[in-house]
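Dumping the structure here so I can ask a few things about it.
Chain lettering (A, B, C and D) follows the sequence in which the chains are written, and residue indices restart at 1 in each chain.
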Amino acid sequence: MIQQYMSAMGVQDDHYQNGDFAVHTPIDGSVIGHVSLHSTDDVKTAVDNAKTAFHTWRTVPAPKRGELIRILGEVLREYKDELGALVSIEAGKIKEEGLGEVQEMIDICDFAVGLSRQLYGLTIASERLGHHMRETWHPLGVIGVISAFNFPVAVWSWNTALAIVCGNPVIWKPSEKTPLTAIACQALFEKALEKFGDAPAHLSQVILGKTEVGNALVENKDVALISATGSTRMGRAVGPKVAERFGKCLLELGGNNAMILTPSADLDLALRGILFSAVGTAGQRCTTLRRLFVHESVKDDILPRVKAAYETVTIGHPLEGNLVGPLIDKDSFDAMQTALSNAKDSGGSVTGGARVLVDKYPDAYYVKPAIVELDEQNDVARNETFAPILYVMTYTDFDDALAMQNDVPQGLSSCIFTNDIREAEVFLSDRGSDCGIANVNIGTSGAEIGGAFGGEKETGGGRESGSDAWKNYMRRQTNTINYSKELPLAQGINFG
Amino acid sequence: MIQQYMSAMGVQDDHYQNGDFAVHTPIDGSVIGHVSLHSTDDVKTAVDNAKTAFHTWRTVPAPKRGELIRILGEVLREYKDELGALVSIEAGKIKEEGLGEVQEMIDICDFAVGLSRQLYGLTIASERLGHHMRETWHPLGVIGVISAFNFPVAVWSWNTALAIVCGNPVIWKPSEKTPLTAIACQALFEKALEKFGDAPAHLSQVILGKTEVGNALVENKDVALISATGSTRMGRAVGPKVAERFGKCLLELGGNNAMILTPSADLDLALRGILFSAVGTAGQRCTTLRRLFVHESVKDDILPRVKAAYETVTIGHPLEGNLVGPLIDKDSFDAMQTALSNAKDSGGSVTGGARVLVDKYPDAYYVKPAIVELDEQNDVARNETFAPILYVMTYTDFDDALAMQNDVPQGLSSCIFTNDIREAEVFLSDRGSDCGIANVNIGTSGAEIGGAFGGEKETGGGRESGSDAWKNYMRRQTNTINYSKELPLAQGINFG
Amino acid sequence: MIQQYMSAMGVQDDHYQNGDFAVHTPIDGSVIGHVSLHSTDDVKTAVDNAKTAFHTWRTVPAPKRGELIRILGEVLREYKDELGALVSIEAGKIKEEGLGEVQEMIDICDFAVGLSRQLYGLTIASERLGHHMRETWHPLGVIGVISAFNFPVAVWSWNTALAIVCGNPVIWKPSEKTPLTAIACQALFEKALEKFGDAPAHLSQVILGKTEVGNALVENKDVALISATGSTRMGRAVGPKVAERFGKCLLELGGNNAMILTPSADLDLALRGILFSAVGTAGQRCTTLRRLFVHESVKDDILPRVKAAYETVTIGHPLEGNLVGPLIDKDSFDAMQTALSNAKDSGGSVTGGARVLVDKYPDAYYVKPAIVELDEQNDVARNETFAPILYVMTYTDFDDALAMQNDVPQGLSSCIFTNDIREAEVFLSDRGSDCGIANVNIGTSGAEIGGAFGGEKETGGGRESGSDAWKNYMRRQTNTINYSKELPLAQGINFG
Amino acid sequence: MIQQYMSAMGVQDDHYQNGDFAVHTPIDGSVIGHVSLHSTDDVKTAVDNAKTAFHTWRTVPAPKRGELIRILGEVLREYKDELGALVSIEAGKIKEEGLGEVQEMIDICDFAVGLSRQLYGLTIASERLGHHMRETWHPLGVIGVISAFNFPVAVWSWNTALAIVCGNPVIWKPSEKTPLTAIACQALFEKALEKFGDAPAHLSQVILGKTEVGNALVENKDVALISATGSTRMGRAVGPKVAERFGKCLLELGGNNAMILTPSADLDLALRGILFSAVGTAGQRCTTLRRLFVHESVKDDILPRVKAAYETVTIGHPLEGNLVGPLIDKDSFDAMQTALSNAKDSGGSVTGGARVLVDKYPDAYYVKPAIVELDEQNDVARNETFAPILYVMTYTDFDDALAMQNDVPQGLSSCIFTNDIREAEVFLSDRGSDCGIANVNIGTSGAEIGGAFGGEKETGGGRESGSDAWKNYMRRQTNTINYSKELPLAQGINFG
């Protein structure tokens, strides 16, 4: 199934066909490859090698480092179809989304190339005669990237494009559910390296494995930054470990993203926004819309239309023109069913959610996206279930809607649909949404790479991608240079 | 001894004379006050109150919040002498440094007032027609400040001036060794509040206590940011606790600051730089110069001059015109003696270090600053002892000096004395000093508030004061506003 | 009338009582002072003196320069009432606006103090090994400020607070209609200098005179920047002269500011917005609302309310609780009458506009603010008449309203009243208002000092006050420092 | 001679072979093409067309605009050799420099692509409750580019890459001496457009002609920005014309660039620096080194080495491995001879400067680069002669050297060679070089595109290329959005 793509991208058969660890496609549950997992010793070796690479790479001028990423962007353009298809096969995303994910990789490369002639620090006015202050940003060290199955390639590229331009080598531990896309990315990176010419070995390395392999990365004191995407549970384990060894962390954890749908909203737009945000990627985006607060005056208008739209959504093989592909695995399906059952127990009214295509794909898990109507927000809704469940609640007062939107432990994405500028700006204000992302008249998912991506509270506080997220991959240094022949002290202190 | 200052600043007697906990001055070990320590329940109450204050204060326009800090700056100017003297008495600093510390408080207020009309976010070019992207910074929440005895008031002001302007209430747990200066600061803050007029209660609160009280603050999930200054040991305990509850941390921990003294250096300047950095504040600054790498060609010239200068340094009562005051307490003295003993055992040659003025001050600990000559850097030197010990080592090759400078677990401050621009710029470059502060021709201590203050590695990675350190006290939000009548998806995705 | 204020501010009688040039108050036309005008030779002397001051002041560290401006802010706080009253008397503004203008001076001082520890340049990633790039901002030179009668003191302070902090001396030529407020400002500046201590002579100088004196400043090649506020006609003369000698210009010229009032607008707010923007300062603000485009569906609702409000506006002595004071002089009154007459001739329907209080003030010019209803925008409306005339036009289609709003030669301020986020954001977008200022749900006048103030097209393109307007007062320098032992060329050129 | 390159780049023969205006190569003076010059009417048509293009292009999202420039960069990579060779043939540059110029075009494209997802404005803290301030940058309008023969293609690309990304169409009037490279650039731009797809017509247009055609562009009120590179004389004519119509100007005019060579300099580096800066491009760069201030103690060491190096420089056909090609034309040669003659008359001692290869190239002007030793700086040296003349003067005191370096009307580029950090930093400080570019240990020429390029005084004050030079191509708008239900006024004014 994937051999054509892999060989086109330059991955040799033995890299994914001869290992001990079987890789399944969520499309039908079949095995699509066998890879070898790494040991914790391998992690140590990788870190040591990366450290060596760091000492060379950090001194390469940043615009030259940018040239490598520019070439990587070109390579990704060339293999967009192949890599996109592989993403679909290994992660179960529909084709459009697989391609969209690769486009995001391309976009971040363009952005990082531009940064490579910036990486701006500051010159600062000094209070002392004959002194000059400045702040510079230097390469940080080895970057460890831990990614999740649902964005099997984009998250790596967000981190890698910036990390490389900022002067750092990267070690990537992908989800054990999606090792093949990681292998393919590494192959494409090597194509870029080849065109680029002289670069140190081990700039980019992939480490395959499960939790203990991830932990070996997390606990290695030579890994300067751990950029980890995954569940809040994972982040709660990773954060303290890194903090204890005074490493840096960039956490992208769970989201429980909501929309407030107001009386003045353009309902046609809102319908599209709900649909893409709630059922896109089969509800398996960190930014998937999970909670809908609809004004009581609009509910009877919009909810039937949402339900009707849900009915028309085609479910099936992600490369065959459907809008919804499979869940990643049985665990995911089980968690969804549990959540729906709990929701029902809590008084919720459930539409959809059943498994479909069982006969065709007995070993895969396709579901109808579910809608759960709740009288009021409860702990079932406050919990993130990584599946296409949309909890629908009504509100009367705008401030109540805001309070409910914020009343969850997570703080990733949020949106409002309104044509009322006051509601919109309050939503975006200090007393509005407490999320890292807050949108108006677009859904919770589908961020551009130009903005900083990430969230607050149990989402972990990290920011990737645009704005000044690149500073995560550098260390800041404050310099004062005295070029006078005196030694005045700050704050006018007179000593001796 | 302190009553005149306290009453001038508006502190009533019963705030520092009737408690259970005795406060000693390091000047002669005598008791200068009795305060009441808070309980962990008090901490909870304080946090709850601060949370309430937050909901009001965050919506006050930032320039109005700045006005409070402007007034605070005026109040500090008015009481500079009194507060400076109190710092000398409670922390043992010489008068010039006590005043310098208050000046630093004044400077940060000026800086924060300017920020209050900035707090700049970004508007960002969007890839989608009819869309507008922006990034805004919103108030963060309750800020917990944990400070150390050696900068008993400045660290609070760095955090508070920024935190208040950024829309947040502050809870301060000062060192249990310096509660009185904290009480005085709170009194001055209240003077400012009175002139300011309408502000919510509990914008600034002081919590007195030991570790368990600090822990109660650290572990309270409603404290959005813990800004903690102190030892690496403390940071290693605090960091993971805050990480586990997904709070934010700003750590300012140990330093083991070095100077590289090169052949081309202006030795007169260097001598002054060494003296102030190494013996100022009796060696009890986080940025105190602790290690000196002197080029072999210069050693015989500079070292005798340093020793001679050490001899002339006057030691004694900090308010009586001396340059070196007492150590903070007996523990500190014992740690110094242990380090010197270990240094001797490791082959080091020790000059100075003995206790002086024992008869005059039997209950206080005045020492001659010590110089330890080492053949090569060892673990004694790699460890931070919070006392006036200067380890002196020679070097031949500049790259070796750089490597030795970086070969410690801490990463706060560093400097080079050189007239050679190549050495200077290499020192400041990606392959130079790995510290957060790197200076040329000024010592390791005495930062201006305009730069970001803090360090790497076991120093904890936090940044306070100038540059964009204010962002620590805010949360970032990325907004996309769709004002078109279409709903295009990012990355050109076509869904449905 | 003014003696009490002048002497309180430290202006000696002979500074404004013994000159040849009579100064009139627009309140009743009476003479309130006699000043001596300067000659063009005096201008030359002033510039030479300022140049000398520059060579000292530019090397004073910026935070110390900021301290002078901080003190100036304190002095302004102290004399706010006196200076505000003097503004009312000399320029005819009502008391609230006189005080508001002084408040603006205070605000810019606070802002500039903060800047004095920033004045940020950049450090930039270099493409060459062992090279370091940076961009720094240096003091510019002598700054010439030409201001208009309507903001007799604020405009000076906008320029001076920034210029001084940026390291430059200032020479101010105020309007010949308002020399006394200038003399008072200079006296307050000198009070600040006295508290500040050591500063070079001639940091701030006032030059009184008419056009030829202004021209002498404009044409002097040692004046690095001419910051001129006034009519488009003046700017058209000044700009080319400065360009010819390669000086820099900051022009703040005419405005013809409009409001679009949409069907969804909050009409109560809009009414207030119209009233303050159109009749405040008797229509003599650069940002005064001069054109109102009201949606046809709202016109019959709002226009009668505006007219009714106009009727209630009290007109009279500006210090006696009225909302509208006098026009500045007879020329101004005549120009207004001509415009109204032309408007009538062009088919417009005029309400108000007549002179009032003739008996009480035979030598002063109080008018009823005028409303002119036009069928469509014509050249009368396209021309800026510096008086309280509001042209009212209707629109049907939003894009037409936008086009009409932009169809004037000036480009200063604009606003929309709407609750519709789409209209608001289109108004603020690339295809929206072409003005330098564009507001939503507030009027055209009354900017905060935190934003950059100024406009496009015949408004002259200059920006003062907030954001990075300070860069006008500095010169930019791009530095590359080679600290390697090689000499690589940019763009990879190999030479020889 | 050029047909192979032209056709490779897609230029059809009739575009450069059938016109009335003969184009000569400076290599041998022969005719290499015939082009048609445009009329002033053509300029009007071009501006009208560009205006139409503007209304479409400005609304295309910036990242999409960036995609066009990314493709342009790819096209330039593909045709680097051809375009580089054409530059050599038409402008007489040696091959390395022709290629270097194209590389600069490529670099600016990369940089501009990154910008296309930034174009950052600010969000700003407002003093009013329920208000939100921001500053956005919008497309400016039609951009007119006037370029000189010596950088026949790079200057266009600097302007065009930024202008297009910023949303503006460009009209280019190249030097009449180099129309063919302009035609080629336009052809490459069209190749990029073709790959890009849907863009409005007339985004980029080339206008060929002499002064009157340039003037038609300069005087057209629909050209929002004139970016003009050339002589100070030209700038003195252009500036006032644009100022009079309230257009914007970006002037890059004459330079008279100097090096200070200090006693501590690395003379090997300095020798290389002098050679490339003084004789590169046959002394016809705006940044060519024209004045050398050498410390008296070093003169006898370095000057003979410079002279010896000048002897070894190969002069001849620029595509045949020489280091120095021809002057652009006879006027240029004559001006050089006049300058040398004047220099001699003023007491200078001249080495080199004679015409060579007369027999081989009777219609071309190859010269030996000249060195003129002067006792002190005089008006001959203060004048910019666009030819390879290096005036050498000695100094004793560093401050004198600084003063002499600054004592010219121009202010483009400058450098110091020193290993002394104090000299270096003083040179870069407020009292150092008054130029827009100031380098340490690299020559005056050869800037990277990441920094802002341009100079002060008679150099015209413009900045192109890196840093925030893109703001030249946009208009700034300050927005305040009131989302409250109140209408508070700024500065706390209470009206009515």
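The criterion applied here is as follows: contacts are C-beta pairs under 8 Å (C-beta built on N, C-alpha and C of every residue); 3 or more make two chains touch, one makes a residue touch a chain.
Going by UniProt, the chains are A, B, C, D = aldehyde dehydrogenase (NAD(+)).
Please read all numbers here as calculations on a predicted model, not as lab measurements.
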**OP:** Please identify each chain that touches chain A as well as chain B.
**Re:** C, D
Subject >> Pair sharing more residue contacts (C-beta pairs) when A-D is set against C-D >> reply: C-D
Subject >> Length of the line joining the C-alpha centres of chain A and chain D, rounded to whole Å >> reply: 43
Original post:
Taking each chain's centre as the mean of its CA atoms, how far is chain A from chain C in angstrom?
Top reply: 48
Subject >> Whole-Å gap separating chain C and chain D, where each centre is the average of the chain's CA atoms >> reply: 35
Original post:
When you check chain D against every other chain, which residues touch at least two of them?
Top reply: 59, 63, 107, 116-118, 122, 124-128, 131, 135-136, 421-422, 424, 428-429, 440-441, 448, 450, 466, 481, 483, 485
Subject >> Touching residues (chain side chain B, partner chain D) in the complex >> reply: 59-64, 116-129, 131, 134-137, 418-422, 424, 440-441
Subject >> chain D to chain A touching residues, read off their complex >> reply: 63, 66, 70, 107, 110-118, 130, 132, 421-422, 424-426, 428-429, 448-450, 466, 481, 483-485
Original post:
In the complex of these two chains, what residues of chain A are touching chain B?
Top reply: 55, 58-59, 96-97, 99-101, 103-104, 107, 122, 124-128, 131, 133, 135-136, 138-139, 167, 232, 235-236, 239-244, 246, 248-249, 266, 269, 272-273, 275-276, 280, 313, 323, 424, 428-431, 433-443, 446-448, 450-453, 456-458, 460-461, 463, 466-467, 475-483, 485-487, 489-496
